[in-house]
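Should a chain be cited, it is by its letter among A, B and C, assigned in written order, with residues numbered from 1 in that chain.
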Amino acid sequence: MTTVDTINPEKRSTGEQLLRLARKNKLSTFGLIMFLVIVLAAIFAPLIAPHDPLEQNILARLQDRSPEYILGTDTFGRDTFSRILYGLRISLLIGLTSTVLAMILGCALGIIAGYRGGWIDSVIMRCMDMLLAFPTLITGLFIVAVLGANFVNIVLAITVTILPKFARVARAPTIALKEREFVEAARALGFSDLRIMALHIAPNIVGEVVVLASLWAAYAIRIEAYLSFIGLGVAPPTPTLGTMIRDGFEHILDAPFVSIYPGFAVLLVVLSLNLVGDGLRDAIDPKLRD
Amino acid sequence: MTSPLMQVEDLSISFKINDKWCRAVNGVTFDIMPNETLCIVGESGCGKSITAMSLMKLLPDTARLGGHVRFGGQDILSLKERELEEIRGSRIAMIFQEPMTSLNPVLTVGEQIAEPLVLHKGMGWSEAKKEARNLLDLVRIPDAQKRLGQYPHELSGGMRQRVMIAIGLACRPQILIADEPTTALDVTIQAQVLALLEDIRKEQELSIVMITHDLGVVANVADRVAVMYAGDVVETGPVASIFDSPSHPYTQALLRTVPRADAAFELSPIEGQVPSIQKMPEGCRFAPRCKEETSKCNVTPKLSPGAHSVACWARGDIQ
Amino acid sequence: MASYILKRLMSTIPTLFGILTIVFVMIRIAPGDPALAILGDNASQEALDAFRERMGLNDPMIVQYWDFLKDLASGSLGVSMVTGKPVADSVASVLPFTLELAFGAIFFGIIIGVPIGIISAIWRNGWLDYFFRVVSLLGLSFPAFLTAILLILWLSIEWRIFPVISTPTGGGLWDRIYNLILPALSLGIIMVAYIMRSARSAMLDVMGEDYIRTARAKGAPGRRLIWHHALRNALIPIVTVVGLYFGLLIGNAVLTEIIFNRPGLGKLIVLSLNQRDYTTLQGLMIVSALMIVIVNLLTDLCYALVDPRVKLK
C-alpha cells in the first residue's frame, strides 16, 4: 500500500530505493548515465583523444568534421574533439571542486548559524546576504579579476559565489532539528556541540543538500566556462571550453563549428547535472513531484 | 402532488485508486421537491459532498459517474461542459464549507458577486455591481457599498459565508446546494447563517440541499432528510418522522450521539469506523458495525417504498 | 508607499555598507601595484609618484576608506584610474543599455514562459507538457554564449532577419528596439525556462484551490477560470522567480553584451578588467549590487500590486 511506502521510506535498502527511483524517472537516469560517460571520457582523455590537444597542424586549419578530426579543427589546426576532452577535465575539476568546497563550508556555516543562533547567526547570515547582493557571475568575475586568473583563484571565486546558497539551505532545517528529541538527548548526554552538529544534525540535512549540490554543480561548471570565455580562465595553453568558444567566435561566419562544439559540450554537462538534480528533488520532496 | 424539481436515480461515483475502480457512492436515489430543504446527513467520508458536487457535475474528470440526475427535462450527467456552464450558477448554485478558501483572494467581493450576473444574465459590470449591492442587503451585510470594494481577507468568517450565499443567490437559482455551510463558523454565527438561509428559501421559493454531519442543523432547517452511510442512502423521510421514529440501525445510532432534551437514552458513540473506500464490505455496508446483523445482510438491501423509507433487512416490511 | 520604500532602503544600509567595505578591501589587497599596472613597467619614477599622489594611494588605508565613503555619500564613485573621468559618468552612459537588455529578456521570459507554463499545467502529463518540460530543462541548461551563437547563426546569418552586431545607438526608437530583439531573446531564453517552470507549478497549485471550484460552480467557462481566476493568483510565485533570477540575468548579460558587441555594464567591466582600472571596477560592483537591492524592492512592490493581502508597512 502506498501509505506504508511514504511513511517508512527508510524500511527499504538504499539500493532498492535508487532502483525504484531510476525506474520512475527515466529522464534523470538518462542524465546520470550521460554525466558518468562525460566524467569517464574526461578522466581517460589521454587514452581516448585521437590527437595531442596542443598539436598544431597549419595545413588543416578550421576544418569541419572529417574521419581524421571528428569534430573539426580550430584556427591553429588543433583537433577540437581532443581539446574538448581535455577542456572537460578542467571544467569538471573546477566545477566539482568548488561545489564540494562550497557545500562543506556553506553547510558548516549554515549549521553553526542555525544551531547557535543569536549574534553568531546574525553575523554569518548577514555576510551571506552581502555575497548574495551581487549579480551571480559578477562576484566571481570580480574575485578572479582582482586576485588573478589561476586554478586556485577560480575555484575560490566559484566557491564564494555559491556558498551562501548552501548556508541558507542548511540553516533552516538545523533550527527545526535542534529542538528535536534526539538532539536534546545528545545534549543531555553531554556531547559537545561540535559532535552534535557533525553527527546528529549534518546527516539529517544531507538529502536536501545533495540535491542542490547537483543543481549548483551545473551552475559552477557554467561559471567556469563563462569566466574563461571572458578571458579569466586557467592560463593557456591548457584548453578550456570557454576559451575555445571565444577563440572560435572570431570565425563565427566562416567556421561556426569551432565555437559550437565546445558550446554543446558545456550544454551536455550542465544538462546532465540538471536532469539528475531535478530527479533527486522530485524524489526527496514529494510535494514537488507531479 | 407536485412533481420533483430534481430526480437523482441510482447515482454512483467511482474513483481510480491504485489502478482499481472504487465506488465511493453506491447507487443513491432521492428527489428534490420544489420549495423544500433536503438535508443529506452522515459521518465524514460517507460520500455526501461528492454526491452534492455531482448534482451539477462539478467533480474532476478522474471521477466516473453512473446513473441519472434529471433536472428540467435533461440529464445533468450526460450534458457537455458548455451546457453545464449555462446551468451552473444560474439554475443550480452551490456554496461551500470553507468561506475562507472558497473566495478568490485577489478579486473584490463586488466582482465575485457580480460575476454570475455578467456570465448568465448578460448584464454589464456596472449594472451587475448595482445588483450585487442589493444581494449584499439580501444576505444582511451592513455597509454594502463599502463591502463591494473590499477583498475577502478584510471580512470575518461569517461575513464571507454570507458573501458566498450572495454569489449563490445572484441569478435566483431553483436549487441551492450548501455543502456544510456552517461547519467552519462559530456557533452563534452558525445560527444566524442558518436562519438567513431559511428566510431566503421562503422568500425566493427555492430548494436547498444542505449537506451536513450536524443533526442539530438538520433539526433546525430540514423538511426532509436523507441519511447516507458509506456511499448508500440508508434512510429517507420527513424530518419529524426520522427524528421520532428512526428505523435504520445507523440512523438510530446516529441519533444516540446527540444530546436531546427529551432523550430517554444515554449518549453513546457508534462503535467502529466508516469502512475505507478501498475495502467496502459486500452487501449492506453498515453490517460490520450493526448490532442487528442478520444472515441476509450480505446482499445489498433496497430502499422501501413510501414517504419514509429505509434500506435494512432487519426491518420486516421490506423485500 | 513612499515611507515604505524609504524604510526598505534604510534597512538595506547595513548590507550595502558591508558590500562597500568588501569591495574596497578586495581592491586594496589585490596583488600588484596599480600604478605600475596602469602606467606600465617603463614609467618613470616621477610619473608613478604623481599617479599615486593623484589617486590618493599614498594615504593610509583608513584615510582612503574615509575618502571613499565621503565620495560615495556625495554620489560620486571616484575617477577612473585610466581615463581620469568620473566613474559615475561612464557607468551612467552604459547603464541604460544593460537595463533595456535585462528588461527585454524579462519581457520575452514572460510573454513566452507564462503561456507555455499554463499550457503545460492544463495538459499536465500530456505529451505537450512533457515536451515543454524537456525544452525548459534544456533552456535553463543552455550556456549564455551558446544561445547567442546559435541565434546569430540562424536568425542573422541564415535568415538575415536581425543584424549580427547589435548597435543600440543612433537611429530612432524602432531601430533601437530592432537591435535589441536578438540579444534580449538570447538572454531571455533562460528566463523563459525558469518562468515556464514556475508558472506551471503555480498554476497546478492554484487550479486545485477551493476558489477555482467556486468559480466553476458559478458557471465560469474554462478560459475565464484560467486567465482571470487562476492566473492572478499564480502571478505571485512568478513575480518571485523574476526577482530571484534578475541577478543571474545581469551576470549573463555580460556575455550577451560581449557576443553581440553591445555597450553595457558587462562590456565596461571587461574593459576595466583588462586595463586594471580598479576604481571603475569598484564603482561597477557597487552599482550592480545597488541594482539587485532595487530589484528586490520592486519585487516587493509588485507583490502588493498583485496580491491585495500584502500590505506595505
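By our rule, a contact is a pair of C-beta atoms (placed from the backbone, for glycine too) under 8 Å apart; a residue touches a chain by one contact, two chains touch by 3 or more.
In this text, all values refer to a predicted model and were calculated from it rather than measured experimentally.
J.: Among the chains in this structure, which pair is joined by the largest number of C-beta pairs in contact?
T.: A-C
J.: Determine, using the mean of C-alpha atoms as each chain's centre, which chain is farthest from subunit C.
T.: Chain centre farthest from subunit C's centre: B.
J.: What's the distance between the Cα centroids of subunit A and subunit B, rounded to whole Å?
T.: The computed centroid separation for subunit A versus subunit B comes out at 55 Å.
J.: Please tell me the distance, in whole Å, between the geometric centres of subunit B and subunit C computed from their C-alpha atoms.
T.: About 53 Å, centre to centre.
J.: Calculate how many whole Å lie between the centre of subunit A and the centre of subunit C, each centre taken as the average of the chain's C-alpha atoms.
T.: Their C-alpha centroids are separated by 22 Å.
J.: Residues of subunit B touching subunit C in their complex?
T.: 56, 58, 81-82, 84-90, 93-94, 96, 98, 101-107, 115-116, 119-120, 151, 153, 164, 167
J.: Using the touch rule from the top, collect the residues of subunit A that touch subunit C in their complex.
T.: The contact residues of subunit A facing subunit C are 27, 126-127, 129-130, 132-138, 141-143, 145-148, 218, 222, 225-226, 229-232, 242, 245, 249, 252-253, 256, 259-260, 263-264, 266-267, 270-271, 274-275, 278, 288, 290.
J.: Which residues of subunit C touch subunit A once you look at their complex with the stated criterion?
T.: The contact residues of subunit C facing subunit A are 14-16, 18-19, 22-23, 26-27, 30-31, 124-125, 134, 137-138, 140-146, 149-150, 152-153, 157, 164, 201, 204, 246-252, 254-255, 258-259, 269-270, 273-274, 278, 281, 285, 288-289, 291-293.
J.: What part of subunit C is in contact with subunit B in the complex they form?
T.: Residue positions touching the partner: 209-211, 213-222, 224, 229, 232-233, 306-309.
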